[in-house]
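Note that the chains are named A, B, C and D in the order they appear, and that numbering of residues resets to 1 at the start of each chain.
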Amino acid sequence: MIFEDIKNPFILSSGPSGNFQELSKIIDLNEMGAITTKTITPEPKEGNPVPRIVNIENGFINSIGLQNPGIDEFVEKELPEIEKYKTKKIISIAGYSPEDFQMMIKKIDDFNIDAYELNFSCPNVNKGGATITQNFDLYKKCIKISKESTEKPIIIKLGYSDRILKLVEIAINEDVKNFTLINTLKGMRFDLETGKPLLKRGIGGVSGSVIKPFALAMVYTVKQNYPEASIIGNGGIFDSDDVLEFKYAGADYFGIGTAVMMDPELPISLKNEWEEKYVL
Amino acid sequence: MIKGKILEKQIKNEYMYLKVEMNENIHIEPGQFLMLKNDMDKNMAKPFSIMSQDGKEIEFIIKIIGDFTKKLSQKNIHENIYLRGPYGHGFIEKIDKNKKYVLLGGGCGAAPLLHFEKNYPNMVENIKIGFKNSFVENVVPEYKLIFENIEKKTPIDWLKENDFENIISCGPKGMFKALKTMDKNSYVSLEENMGCGIGMCKGCPVKTINGIKMVCKDGPLFKLSEVIL
Amino acid sequence: MIFEDIKNPFILSSGPSGNFQELSKIIDLNEMGAITTKTITPEPKEGNPVPRIVNIENGFINSIGLQNPGIDEFVEKELPEIEKYKTKKIISIAGYSPEDFQMMIKKIDDFNIDAYELNFSCPNVNKGGATITQNFDLYKKCIKISKESTEKPIIIKLGYSDRILKLVEIAINEDVKNFTLINTLKGMRFDLETGKPLLKRGIGGVSGSVIKPFALAMVYTVKQNYPEASIIGNGGIFDSDDVLEFKYAGADYFGIGTAVMMDPELPISLKNEWEEKYVL
Amino acid sequence: MIKGKILEKQIKNEYMYLKVEMNENIHIEPGQFLMLKNDMDKNMAKPFSIMSQDGKEIEFIIKIIGDFTKKLSQKNIHENIYLRGPYGHGFIEKIDKNKKYVLLGGGCGAAPLLHFEKNYPNMVENIKIGFKNSFVENVVPEYKLIFENIEKKTPIDWLKENDFENIISCGPKGMFKALKTMDKNSYVSLEENMGCGIGMCKGCPVKTINGIKMVCKDGPLFKLSEVIL
């Protein structure tokens, strides 16, 4: 298990809830099992041009493009606030090279944080993110160096992939057994009038209820083949039935992404619903 | 989520007027918006301004353009919608309160201008709202309206014929671009596709001379001179 | 273009309409641009155990498992009937090895058929299908030998993949420029009461309207990078708006799969709707 | 697709009775089924037998168990559903017409038995249908019913107490398994999740001693001795 002493298995996933400044005014984040920061990169990133969002039925396509202030401003301005939450704090990081990961971990490892999530699955950037998994050797080195740079747990975040087992195997060979499954899938829609993609960048990442069957398949595949894997199930979790399905698939923790944007109070109400139904 | 019951509904062509009664009393400042949902399902919420508020009763003018607004338009009177908010800053927080403003609107974007005029009549010097369609005639007093198809004139044309200094504008991007070429003290209320509506998801950025801001959290009103369109 | 003289761009995709015995009694198949057989394999295949089907909102998960009589019975009993249709006839084939593809093509190449679709993307089998693309070299050899075995056009059918461009590039290097995009994605659902997967085999292939954003992204990616590619867009085509989106994405032809199961008359009514709106 | 207007609807617990008027006159043989859709959307159709037909009017008994049946149960009187068919073979095509049959049903699976009894009363020796719930009391004549919760008895128990030879059975798989252990001339109407309903998609196989058959096209009635359960 990733965490020995987590309050509950509900985790805010990386991105939709930003770095919690807004959400913490609406709900008490200390009631969550863990919270994950928006992915941080070595340099600041402006993100992609607008429109960055298209709604689809039961889902959402985004091309935010990892907008973030970069590691230095993050450490200076945001991390001190994040440290204060009394819950597990997972820092999501992405880089282009093993050295990028190493450098970022070094800068934050002494803060009051609990784990790293290596984002190898953002579909909305041309370099880094999901592109790293195209190169098994690079992917492996990024994991290896990250593992060597910290005593804290490392979590590998992957997307829907036809090589999911290979990617998991490489991580497990580096003694990293924690996975977040899954990130968004590449998707797009067109404007019927102009013939242009509705997102400025063309392709974005699909999240929300529509991706649940794919996420369940990835979680199940990994857990069936690697029972020792500790898995944060992520993709379309909105209610306790969704949570139950992810549990049956083999998830140990439950990530809440898009649902937080739909209803910022949902993480707490879902956690309560779950505890009333299945825990208490 | 707040529950809203549809009290009145009128549809003409692509425009819809809606009166909704909320089951909670929240105060919405002119310029702020609500995130609406048609059902308690797993679809995302969508941002809408209101045109007026009277206690728990709020009014909308909505353009039916896509999936969400189509479904909304198929709801019957007494059926429920769901909403959260208010979000964003009221206009009043962003403008110089010692000045009087001309309110310049285009289409449904005009809702918050009507709301502003109602709540702060003393701060309004004049108001003109361009519509392609005369549906709003019964909903919005006539003197405020310009029917672009009949008068062959837009609110911008009207503005050019007059000598006003301070402008608050809501409408299509083209209108803001035209305003930008004129030497006025203008504020614009921006629209962008939204996810969360509260600043967390980074879905609704606008480039400003002070860096990237979020329309939902930092706006929706911005000083036009600060915005990079 | 795959075909110089096709009647219209509407193609029945492989599987949902079987080998047309039933459908031909309901609609006039000669009005279609092309029809694709259910995938044929060297040996007969019983297919997977039941339940083979789960419905999801706006979609469908199947684990048919390439049930088919095998190439010999196909040639003897079904092909003579298929030859008679006055439309382009695409034969879908799948095997484990280059020799399998070669053998099957040899057995059918002299019949009155128009093209081969190599199914490298069935998610519902443990060998062959999508598993071949795990091995670039094997994949390449299967294409090469197929190309050498016939003068008829070869179409490569691929699924949603994070290596889609690599797979396309390999085919194009073998001078095969025709692609069907996409097959089903791996997905699953669980029975909330028993905790077991709803499909006996666990994971199945998701098709229907829910996969349209992913299919569009694959078509767009391939067409942007290889404008010379000729593409059968496939995934969630139900109405003329769907067709329009695939056209904008870069598809040259439009495959109709799940929609035929929903309404067997849909292929003709869709073709007519399209022609009335955009052709006549 | 044929349009069907809901004329009557009764719901009790998880059971629903539905009377529907079709806009076309098609003849449905007892044992055949229809593929139903709630809306003209992009969801798949689902198979249902009918309980009786009177010209364009057809009756269903439906168990509300999942997404499709839940949505169907939320439809109001006068709203539309959509359907295609009939599919599969009528019982009459499969059985020996010179014999008399006992019809043995469990739950909603019993619909085609009632339909058969109505259309071919002379071929029916007896009929017993087990229900967990007394909802059907008003819909189905009492003498045909066994309420399993009250009588602590299933149709199979009833069969064991009697001496019948020829059986047509519709119901849960457990019932067929029990029948299989008895030395009778039994036919069973199978249910399987379906895609197309007409034999093309290979979604609804059943193993028989003559190889794999499709429930939708080759059935739904099979000789029990041929089926590998």
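Here is the rule we use: a contact is a pair of C-beta atoms (placed from the backbone, for glycine too) under 8 Å apart; a residue touches a chain by one contact, two chains touch by 3 or more.
This is a predicted model, so every value here is computed, not measured.
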Intersection of the contact lists for subunit A and subunit D: C
Centre-to-centre distance between subunit C and subunit B (centres being mean Cα positions), rounded to whole Å: 47
Subunit C and subunit D, separation of their C-alpha mean positions in angstrom: 34
Whole-Å separation of chain centres (CA-atom averages), subunit B against subunit D: 55
Subunit B: positions in contact with at least two other chains: none
Multi-chain contact residues (two or more partners), subunit C: 57-58
Touch-based graph of the chains, sorted into line, ring, star, complete or other: line
Pairs of chains satisfying the touch condition: A-B, A-C, C-D
Residues of subunit D that touch subunit C when the two form their complex: 1, 37, 41-46, 67-68, 84, 192-196, 198-206, 212, 217
Residues of subunit A touching subunit B in the complex: 15-18, 20-23, 26, 38, 46-47, 50-55, 57-58, 60, 62, 64, 67, 208-209, 236, 238, 258-265
Of subunit C, residues touching subunit A in the complex: 56-59, 61, 130, 133-134, 159-163, 185-190, 192, 195-197, 202-203, 206, 210, 213-214, 216-218, 220-221, 224, 241, 244-245, 248-249
